[in-house]
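After this come two complexes, each holding chain A, first together with chain B and then together with chain C.
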Partner chain A sequence: MTIALEPAAPAAQGDRVSLLRVLGPAHVWALGVGIVLVGEFTGWNFSADKGGALAALIVCWVVGLLYTSVAMIDSEVTSTVAAAGGQYAQAKHIVGPLMAFNVALFLVFAYTMLEVSDAILLGDTIVAKAGVEGLTHNSFIAATIVVLAWLNYRGVLMTLNVNFVITAVAYISIVILFFSVSPWTQGAVLKLNELVTPGNALPYGWIGVIAAFQFGIWYYLGIEGTTQAAEEVRSPARSLPYGTMAGMITLLIAAAMTWYVCASMMPWEYLGITYYPLWDAGKLTGSPLLENLLFVATLLAAMASANGCINDAARAWFSLGRDRYLPTWFSAVHPRYRTPYRSILFLLPIALAFAFIADLNQAITFSILSGVLQYTFMSINIIMFRKKWPLGSIRRGYTHPFHPIPAIVLFCLCVVTFFAIFLGFGSQLIAMVAFYFLISLWFHFYRYKFVRRGDQFTMPWPKPQGY
Partner chain B sequence: MSRYTPPEQSKAGQVFDIAVVVVAIFVALWLPLKLGLAGAAKSIDALDAKTWEALGQNPTMASIWEKLGYTPETAHDIIQNRFHYVIDWPTLIIMAAVLIGYFIFLFRASDREYRDVINEKFDDK
Partner chain C sequence: MWVALSYACWGISIVLALWMLYDWFKVDTTFSEEVLTSSREGELEATSEKHRI
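The block that comes next holds the complex of A and B.
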């Protein structure tokens, strides 16, 4: 039985198996927010380490602007190019195969390393809570990755239903914490004025604010993952923009609440290095109920994120196999569960290996690097999309306003973020880009010969202008 | 334009390509860790006097550190572990050149491939 799939395959190819269209806007929201919400439980706070507590707030809002641009651009392109692989499918139709190959690798690396970060966080959180000498996080990491891979193997609907529930519980815990510390009153529980003072608000000055962009990305990294579900939502033109924009609004609110509570309860030096800022905030309230709630929520957020990441990375990898950019073996869909099971299984040991050899902020940096490369592509991609198919030339599910301002804002903020990564993690950035460059040469001069040219363009659009 | 027919790849060839990709992924992610290139460029500015005042902590901050289980001695390496933001211009220029070169190559090579795709797709009709 041939199980390499083609979404728009004619009925005559009856022996092909396709992904199931079973998802709605709530699942899209759960996929996006589920991947990202862990960023409030750990990761964003490393921006305080790089620039101080005020820098973490500034980048929370400025990077929020970056991601609002990402969500607007993504909603337009994906509601028009509704295919598994998300930005990969966009690049294939708008820029070309080599770019698509790279974008898929950005996605796979960003999500796999995010999954690794989630598993490390989950393992470390359990070990910290247990407080048993000699207990290591390895077994918890392995169990998390394997169980979630199994869940993804068994079906997308169950996977995202689970994500919806655990993401909602984790989100509600942030809201409960926020209202439990009397946010309208300073001095009782929250002591922002005494912890963020004119003398320590920006300990490194404005260069620290720029440096903080690196981990500011972590507040929202992964919201663009909603597009990976494009081939499995019942109505892409409606569900994807709704789910993505609702997710972005949700995250902006959560990020602001998280910063306010944490910066008002911990000195910036501690906030910048802790792996569990919200759990620590729960502990510092002195309430066992809040402490335990935030402990459980940290675990749930890590699980939801890892779950969504496995889902997204596997679909990007699967798409590469389907288009013969990688061996077609990866393009198999499970005949019963209708999931890209070989891609899920292939990425499993890679995630496990890196979970054991990298530490948390290294894994996060790997993920952020791939994410920012992808956003840089997106800012140029939307300009090319509008140029090749101007408004009115094809049917768009959603048209984002103020073009090209979001694209320009996104591009400028990506440049700033590259500079931020250079401040502290420059060697890592050069090593990663060197890898992408070499693997691109491999694709362009060798692997591309196996690709069927005309089959790369599957959308029912007219010829692009200028070709 | 005649339709391009790609060669069929043998099973051994597929296995070899999978191996290449796996090795490339591990080299890209593991090598920076192994060579010590990954991770933050931070160092500890050690202080002789390890008191909350010397560490720049007011009474509120000190009380929170203590609530978290720290003393001035144990908090010293956390508080004094700082980034030192010095812009190394040659490295910055190399990084910018690598990034710009990478994106230029990507867009130009992609465009050549894209023209093949468009020609085959639309000239067949």
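The block that comes next holds the complex of A and C.
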């Protein structure tokens, strides 16, 4: 007997306990945009340090193209493979177990490190605002991670309702800032023509634009996290493509507004090093109301992102346990709250430990690296998916247009981003690839013998073409 | 005020962490491992979406 569709009541002994299907497209939007929006409040602006203000704009659009490809590809595959774990479940069915294991680790690393970065940002923002000597960020980091883990522990519906509200408030603050500085007039508040001139637009030339890709990723990093909700949305085939694409459109607008306001108010030399570009823009307007609004919005955006990351990392870890890629102990679902509670609790001290010992740049870089590895996989995955199960052979909730152009664009932009990361953080890139290589050996030679090979493939699809 | 807020954050973190540990212990001792790990991937696919073209 399954009780997956019933209200959240305690399960009795003998029942099957599943994740609850209670989410709609708005929750999918809140999950995706919630994870990403913090990138507008900090992160994207470091691309200006790499290549100047114009480079930050160029990567805003080009990386936007990368993520539009990600969103389209992801929407097609996940509307067909609707399971917790998202890209992990896709990789398992389309490529194979070793790829799936690696993809799940990419997901867990990307989201856990992003959660760590969010918590550090939130703590640092409060300390900067307080200006009290001796006050450290540790207590604020601990509260962020523990309170949000508790929220996730208590149920996905409340978690994403909260995310929807705080993400919407943070987003609206960007819109308010944009219209408060008279964006249609230059010279009053905005001085784009003075701050970005032909002489300083690209201070390091086109190699600076390439280098800027590393932090340009922050405009949209994490939108693919919507797929982790696949097993908890009421109608995956409809909600996931709708929520993901709506989220991507929302973010493209936010990114463009953010760049325009910030590049028109701060010189690129400062914009590229500040941790609070939007909060600084609020201060520069001279309005205490806007300054405080952007301060609160920075905190809310960091909270929304960490909240979504806890949700996603726990589901990826849970899925690994359910397929015995890790001990099945991790696949427990709370009988009352219907959440992967052991995975949430297991990842909690790991996030805390990294947040206390890592610095923001390192955590961001590990998150970006794992994310880009995942996007590279997605470009190959969609080619294999269309080849093995061509259009018409299985039912798809969404079919993305212009195949294989988005996959090719995605792959090429990932290669450029890897090169950009190598320029800035070459040793971390090599260390991370070495880690994934060693962990793959462990999985292949040791762990895979515990996996029930027939049980892991759950989609009732016809045999793939050519098999 | 900020220092008091910092102490409050430590307090809330400790209380919620202890609550989660207590609830974890309670659930694990009340329900069998078989029930807790009974979730299966693809249940929706198997029940409501038949993939008819």
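To be clear about the criterion, the second predicted complex is superposed on the first by the 453 of 467 C-alpha atoms of A that agree within 3 Å, B and C clash if a C-alpha of one lies under 4 Å from a C-alpha of the other, contacts with A are read in each partner's own complex, and residues count from 1 in each chain.
The criterion applied here is as follows: a residue touches a chain if its C-beta (ideal position, glycine included) is under 8 Å from a C-beta of that chain, and two chains touch if they have at least 3 such contacts.
From a predicted model like this one, the values you see are computed outputs, not experimental measurements.
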Next on the checklist: According to the stated criteria, A:Val409 is in contact with first (chain B), second (chain C), both, or neither; which is it?
Outcome noted: neither
Item to check | Residue contacts with chain A in the superposition, chain B compared against chain C | outcome: B
Checklist entry - Counting only touches as set out at the top, which of chain B and chain C does A:Arg21 meet: first, second, both, neither? => result second
Next on the checklist: If we overlay the two complexes on their shared chain A, which of chain B and chain C does A:Ala211 touch? Say first, second, both or neither.
Outcome noted: first
Checklist entry - Should A:Lys191 be classified as contacting the first partner (chain B), the second (chain C), both, or neither? => result first
Checklist entry - Which partner does A:Trp150 reach: the first (chain B), the second (chain C), both, or neither? => result second
Next on the checklist: Between chain B and chain C, whom does A:Asn200 touch in the aligned arrangement: first, second, both, or neither?
Outcome noted: first
Checklist entry - Is A:Arg322 in contact with chain B, with chain C, with both, or with neither (first, second, both, neither)? => result second
Item to check | Set intersection of chain A contacts, chain C complex versus chain B complex | outcome: 328-329
Checklist entry - Mind pulling up the chain A residues that touch chain C in the complex? => result 2, 4, 11, 13-19, 21, 82-85, 89, 126, 130, 132, 135-136, 139-140, 142-143, 146-147, 149-150, 153, 231, 236-237, 319, 321-323, 328-329, 331-336, 341-342, 345, 348, 392-395, 458-461
Checklist outcome for this item: In the complex, chain A touches chain B at residues 49-50, 91, 95-100, 102, 109, 113, 191, 194-195, 197, 199-200, 203-204, 207-208, 211, 265-267, 269-270, 273, 280, 283-284, 324, 326-329, 350, 353-354, 357-359, 361-362, 365-366, 376, 380, 418-419, 422-440, 442, 444, 447-454, 456-457, 463-464, 467
Next on the checklist: Taking the touch rule as given, give the residues of chain C at its contact with chain A in the complex, in rising order.
Outcome noted: 2-3, 5-7, 9-10, 12-13, 16-17, 19-21, 23-24, 27, 31-33, 35-47, 49-53
Next on the checklist: Looking at the complex, which residues from chain B come into contact with chain A?
Outcome noted: 3-7, 9, 14-15, 17-18, 20-22, 24-33, 37-42, 56-58, 60-61, 64-65, 67-68, 70, 75, 78-79, 81-83, 85, 87-88, 91-92, 94-95, 98-99, 101-103, 105-107, 109-122, 124
